[in-house]
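Two complexes come next, and they have one chain in common, chain A, joined by chain B in the first and chain C in the second.
Up next, the complex of A and B:
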């Protein structure tokens, strides 16, 4: 029990390792918080899916510094994000913007899902129609007479099979 | 209809395989970020010359208009930059104006590097904290920008300029821009 509690305490005490160096942090806590919310939204363009807030890459450090410089100069969140998009394109935003160029990204999964649903529906309808045909084709008068004749022949000659077996 | 039904998974597989194979067939490299600055004026900047080497003159936005030019972002610590250096030198020999942005470099190191490998740059600006590189949307060194006579960025080469890129991209572009 004691051990478990100790492990839990350790787990709770563990803070995530920060990529941000102490000397980067702004002295104004309000501006620092703003800088952190911005850097968490910006992609480190030389990393794989990491924000510049998380990355140790040189470029990420340089970009963090530029973000803090802009924040100190009085820029808001939108302005700093726009500043980075102007230089690195939409890719620099971890959350892709919703605009005609990114429609495929936003709608693509739903289109695939709808297509899959349509194919599944079609598939089951085809299967059901094969298993239980809805309309039985009617015999023509000539077919009916011939079928009756054949059935009468089988019923009328019960020994037909026995006779065939003999050479 | 039933027969067609069996073809659906195979067709879907083919379509998805084609979708994923296209970038390889076109040799697209997902690590190369297309520049957001193509056809836009070069960013406003002013960089000092390399410390202790005033003859490198420094580089600013105004230097980029008047004639087509090449802006090469390089560093003495960058091995691919050394590999592409002969191509950069050849561009200068062919009469094109080549400017350099020295990226995060100690002045002594880049001075020694230029002494050893030759200096093809008409002007060099020292970007010691990489802030101007970020203005240019640089993701690493080397990167090379082709600038028209109005000072607009027209083309960008990410990574070292190989002899193939030199002959098939840079020369045709620069001849076009010089017209």
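Up next, the complex of A and C:
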């Protein structure tokens, strides 16, 4: 009785960890590996952000079966994916296709990175030009040698001492 | 009957305290601001008792709700919907923040506690800055308390009270998930401190090294908690969801990951402001954006917009309210920034190759990484909304692998180099010379990985090499600062003792990332066996034989279980036993799988018991996840590094007397 109740409870439960089942697995390891590569790229269309490889939903199981049937029939990765897109639309692809409506998606990160890099470069330029405006009178040769001598002195031991003192 | 009346009183007191908290926030949001504008000390001083009172009131409200959960008072709708008398005590307590209403209450409670901490310990803060920062905190609290009271009241009653509750989703009845939200919120809300200080500084028009020094401990604490919170969530997914996945690029995960990325950038740019008094405007902007992303994370998770744009439209009250908060907070702070930023002159100069330059590169890449996650998370919503639901796209792991990962790799490569560069002007070749041991370790590890697994995934050995580069590079910062191998060991030891805690924090956090990277790389070698097995049969995975001994049934506290018993064998030697379980919770009619995990340094042996069929065979899933535990250990080390830095006397929040005054900091900055 208890066992029957338990079985009933499990049946009623949205039984988890039902992902790929032993009876689904293809006997040819090469084809099975191909099927797994494909099922990892397909979204379970009734789940929240899960691939059909991970999902425990019944629909995901059906979709896995379809993928394996196509693979057994000799379809390649591209063909199976195209078949699924024809059935479910682009929504089924976890790897969004590269087309006009996803240009902003695919280029976005790189545009942000390039913009950020450009702003940083500009910032360096502006800072340098502010720090050394061209209108400032240039040093004479004598002044320059004296400055170099002073700088050399500063670059000597006091610098090292400065590092020592730093926390 | 007596007890019932007392209980009713406690719930009403909590409800009353919550509404009173809203009133206090109303006062805190503008009186101190007015005081600061007029230079009225008495008005400014209102901020301190207001912040403290608010924290006290929200503590009362929070514990009143917790009490209702513990005694199973089903006259409270929130308790009825999320609890059950048979639920273990830990999950009754954790149930307080497991629901939408309760978690929002926890959110404002943490906000109020942070505010009270500033009010109580920030005695050395300039009164205007303190008053303004606390007023901004008051505004945030006001918005969220109004949200709770008007749309998500946790104290709403049901009459007549039901006899039994509906129980909590069994997936959430787990120790890892009990503590995941509080840690995550400590992180999210902790960034509000940086935000409030940034807004206050913008109103005041003054940002300097001292400002950065006040903001850093809060940012550091928030960052460490968020690191821990994200790691805990990921670990939970790993052991609870039943197939060993640990990160799915799910919008809910991304919502917490974006503030983490920008918060990490903020943590580093604040160092530049503190030490060199430059990059001020950028740091302020980061502080605003980091908290804005925290708010957006709250919106994404709480509004229901993630499931579909249409669920959001179906129950718009909550979503619209948070969206309103979002627009006002982000729009307002960015407007303030646009007005005031041009007046912020940036200070010290530095060459591109320098410590500052390294930190700037860190900021650029982290900001780009955060933008990538942002675009990837919101793009499906955008397309859905623009096409009125007619067109949909999915953005899954392949997108993030193609964009996020290439941005992170240069960051990780540069991560070891940055700390080796001097301030103002660094020497790149000298830095590389100092990193020679790290480079050697990286190459050795990569080669070793190729030799051990010649036919495995190609990129994984490089991942391990990168990990070695980071770990050794992190430790080299300590070697460098103690002069180990250059001076005598005793001298090095003396220097090591004298190092500020921040130096250890840096080494730990950087090495911790390396360990996380090793764990991630290891997952590429995952082994999987899915078989149908009868008792008495065996399976072999990663050199270990697992013998299926028996299946037993039984009752847990509020569930029934089916438990498999497996014996681990190597040859005929018994190494240990494993008990994977399937649980069924009768109240919610849902089940969970409890994987049996055998952890070692090399990886996890992960065993799941699946369904049985008529012939008595069970589906058994066995995985070997190489180096998986390294991910959580690495994250733990990062978090620990954050806390070690926090104990650095320079940032000690609770020791105002010893903290340097504004003048002293300015003098120190001038001397550097």
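General remarks:
In the analysis below, the second predicted complex is superposed on the first by the 87 of 167 C-alpha atoms of A that agree within 3 Å, B and C clash if a C-alpha of one lies under 4 Å from a C-alpha of the other, contacts with A are read in each partner's own complex, and residues count from 1 in each chain.
As a convention for this text, contacts are C-beta pairs under 8 Å (C-beta built on N, C-alpha and C of every residue); 3 or more make two chains touch, one makes a residue touch a chain.
Here the structure is a predicted model, which is why all the values come from computation and not from measurement.
Of the two partner chains, chain B is the only one that A:65 touches; chain C does not reach it. When the two structures are aligned on the shared chain, A:49 is found in touch with chain C, with no touch to chain B. In the superposed model, more residues of chain A are touched by C than by the other of chain B and chain C. Look at A:91: by the touch rule set out above, it reaches both chain B and chain C.
In the superposition on chain A, A:102 makes contact with chain C only, not with chain B.
Touch criterion met: A:41 reaches chain C, while chain B stays clear of it.
Chain A residues in contact with chain B (one complex) as well as with chain C (other complex) are 89, 91. On the chain B side of its complex with chain A, the touching residues are 1-2, 5, 8, 33-37, 43, 104, 129-131, 133-137, 139-140. Interface residues of chain A facing chain B in the complex, by the touch rule stated above, are 45-46, 58-59, 62-63, 65-66, 69, 85-89, 91, 119, 122-123, 126, 130.
Partner chain A is touched in their complex by these residues of chain C: 241-243, 245, 248-251, 306-307, 346, 349, 352, 360, 364-365, 367-368, 371-372, 375-376, 379, 383, 391-399, 402-404, 407, 500, 530-532, 553, 560, 562, 582, 584-586, 589-593, 608, 610-611, 619, 621, 650. Those residues of chain A lying in contact with chain C across their complex are 2-3, 6, 9-10, 12-23, 25, 41, 43, 48-51, 54, 89-96, 101-102, 104-106, 108-110, 112-113, 116-117, 120, 124, 127-128, 131, 167.
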